[in-house]
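Please go over the structures that come below.
Shared between the two complexes below is subunit A, which pairs with subunit B and subunit C, respectively.
Now for the complex of A and B:
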């Protein structure tokens, strides 16, 4: 009886300590990201900033995929809409009111996602949804490439980085590191919102829907509405990430709606860890590293990316985050066992 | 008018040639193969290596297309055994992403082997001219592609719906477990169909090679059009894909006639409309 109790106790201790270790790691990573402007040159800083935006965008996608069980292959289109809205607003001279501009882009992403979701989600999921969203994004790309007002194929270049105005004081974001820190704060807020959504009652409802639609509807969950809300939230985050991206890259092009952008969150999520909240973030930075180190090797880059993806799908389904947790659990269990044995011998 | 129509019909048949393989593999394994476009490209590159810039004759072109079909088919067999067979029966998203990974690997390998430069191959003698139909000049290579599309459709339709092997494949696609109880070797059947699907991609690459600019992005454009075609036609349905390819030709013709400045826009618009009207495709989804 007492040993069982002790075991349970140590078990709880282990679970707690894994969470603690991971929390410490996340804090450390956040600190490194924050200190980046002092550590690396501006080229690499740009890359890290882009990765940060893409990580947030992928977390938004993953809430839709890992929680609601819906795979959108057209999220690049929503990202692109957000980026274009922000670029246009800044071109029109609304740069001083950058926060409302971001809100506008977020709203645009959410609205388009709502329209698509209203029509599509009730009828289709799985492959059909994938194809529909893929071709909608492609339609958007084609239209953007033809509209001269939006710069046709060249997009909108020379986007100035805005000044944040809070009425009584201004923050100038025109320098690289200032805007970078703004990106950090914005990403943290967005990640916080996603975390809260995914781990609160809404996230639990979505999980129930993903696991078993029929049972979920039996216990009174409005399946269609939950999915729709998840779709809209994911679209809003994509739009917001797009708006953050535009002044950082200082150029937006129709290619943002292309298949590459749409599949990025999928790759990030899979490599980082499926069904894990931090997975896409880990995956985004891992992919950034792979891209950075293979950037001069034309062709090999894609072979490596594809190869890693295949290995993850075939043998290593839980990705980096899952692998890390398993490793940590194993190490902790061994240590716990050692300690228990030592205690027994002492007795 | 006729010229526009023939052009659109050529595009439609070209897309159909690619879509056949896609719809086959979907029919048997319920997999949407992202790697199909890259395999099509691989076929085109292999053919161009065999033929050089100036193919000797029509038969050389067809022969090279058959060889590249064979090579890509063998590649498909490998992919089937290493990747797809292991994911069979699991969440469809995994196989979707796995084929995307295969696409990345294939496209990367193509860039490594053939480089980034653009290649182009002339139509072979006999197909490089044109004929006059009702006073309109029609390139004979367009007619060749249209004929090839119709021929492939007729052969596949016969093989799937009339031949013994096709019926076995349909049985496996409908219910692999029960058909294996009947003594059908289901894994073998699936491998054969998947190989055939990849071989069709290689064949299409070889046949459509002339008049294309060979570059590493060639696969993507056609892949999306082929996706649209098979979804509109009903996934896994060869006849549906054929009808959808004709529809695509009509839409593209209308687009070229009324909106010559923005090619391709109406196709996507039409596709979205079709999907919303018939979520399962015109002829409905079919397991081969």
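Now for the complex of A and C:
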């Protein structure tokens, strides 16, 4: 992950080519995602769009988990807050100012995370933090189910996709593919921010805190503050993803704050690759694929999903991404060895 | 000049009082050793000095300021470095990255900006400083290794390099040679002497506070020794005084114990 300098020194050739192969794959995947509106029907496009949003949301969760070492089981609550803020703003007719609305939803997610973090992080981590965040998200769900103004159990339906207004020109996002590309751009920006945070000095600080909290404080890192900032960043990403989700799904319900939404990033990360930046993205799309191809197998779909998850976690403890990297390293090492042998024989 | 001073330190864990009114002054430039039998309260006193636990009564003054209730990261930023009995480094990341993280933390606390805010990689000056520090502890050729692959002694060296990255004025070392081979032990001793000789920057001298079991290390290195027993200070003085102190012989080592003799 962050053995940047080490990777630069050891087996330079090998490490570089693995990175190159993965970069090429990421670029290819991004291209395919961008071309989706031309490749698939609107039903499948909707699924891909949702997966994209969930992938970004899970990366935000994973920055908190794999970098800061904090497991939140209530991130669905923050996603839900972002989605409701966006839905309410659009219902109130602020659709043409959708970018500020997204910013507002992001702030709402960050603010709630800040309040929870201020109370919880000072004394809690591990299982206590998990239970607390889970309970708070459930509490939010039950409150939303009872507030008539927010649609009670039915939530807020018929959210229109916005037309962005920039004074001189408008961008019409009301069609499916237009909003889909908007999702792509927004996801790219959010993933870029997460990448930058995770791999820069802030990420190095968080890793230090996760690896050894006491050592970290004895090199002068304010452990509590670093964790709190990570918690707030993760909350902001969740809120932002929620805001992007609302007009895409065109309905928000209290279920967004439920267990399923909160455990999704955890499952995606486990399947895709623990302690890997792209792991949750890989996991999200792998889950989508499994869901899609087993959609007609009603009744045993969950069994298949659960079985695959179990096999992947048991066989590759670092998920699909970790397994892939290990495979690639093995293949590259063999190729390197073959070359070295060939050179020796030539002599 | 006194750099670290303890006044009337009391500490209890529940009903058990482990420190009874400890008084001590650590002078700048000395190697100050804390010894005592198991359960004497050395580690507790050490932790009160570093901020890992807080005294119930009394004051800790470091470099002229009251740090009694300051957490470790603030003491670290004020110039206190700490190494652990079993070296603690960030295992899964690179040896150089360990030191880089420590340097970046210091620069951040000092408000030094030598890289643009958007930079992902550590600045060139940070990387160079990391290599210098690793060179100073004899780990330059292992900079590219992952920390978990280092030997016990090398991890200790890395920990010292990380601690020095904070530009400390005082080094707090909890049993620096515990569990080491005698060759490693001598090298760490030599390293501590080199660090002392190099000074603490700004023309100030480096100070070391250490707890230790191994008497040969203590007598070879220490300037002054604080002897503890059952949570009380029973002696404090130069090596010769301690060696000839009858109370120390009686209470701490037993009359027949020969460990106070000069090592061969």
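To be clear about the criterion, the second predicted complex is superposed on the first by the 332 of 347 C-alpha atoms of A that agree within 3 Å, B and C clash if a C-alpha of one lies under 4 Å from a C-alpha of the other, contacts with A are read in each partner's own complex, and residues count from 1 in each chain.
Following the convention adopted for this analysis, contacts are C-beta pairs under 8 Å (C-beta built on N, C-alpha and C of every residue); 3 or more make two chains touch, one makes a residue touch a chain.
Bear in mind that the values here come from a model prediction, so they are computed numbers and not experimental data.
Of the two partner chains, subunit C is the only one that A:199 touches; subunit B does not reach it. Of the two partner chains, subunit B is the only one that A:306 touches; subunit C does not reach it.
By the document's definition of touching, of the two partners only subunit B reaches A:71; subunit C does not. Legend: residue contacts after superposition of the two complexes on their common chain; A:221 is shown touching subunit C, with no touch to subunit B. In the superposition on chain A, A:250 makes contact with neither subunit B nor subunit C. By the touch criterion defined above, A:177 lies against neither subunit B nor subunit C after alignment on the C-alpha atoms of chain A. Contact with neither subunit B nor subunit C is seen for A:294 once the two complexes are overlaid on the shared chain.
In the superposition on chain A, A:318 contacts neither subunit B nor subunit C. The wider contact with subunit A, measured as residues touched, comes from B rather than the other of subunit B and subunit C.
Under the contact criterion defined above, no residue of subunit A touches both subunit B in one complex and subunit C in the other. Subunit A contributes residues 1-10, 196, 199-201, 204-205, 207-208, 211-212, 214-215, 217-223 to its touches with subunit C in the complex. For subunit C in complex with subunit A, the residues that touch the partner chain are 50, 52, 71-73, 76-77, 81-82, 84, 88-97, 100-102, 104-106, 108-109, 118-122, 127, 143-146, 162-163, 165-166. Interface of subunit B with subunit A (complex): residues 30, 32, 83, 86-87, 92-94, 96-98, 100-113, 116, 220, 224, 227-228, 231, 235, 261-262, 264-265, 268-269, 271-272, 275-276, 279-280. Residue ranges of subunit A in contact with subunit B, taken from their complex: 65, 71, 119-120, 123-124, 126-128, 130-132, 134-136, 138-139, 142-143, 146, 259, 263, 266, 270, 298-307, 309-310, 313-314.
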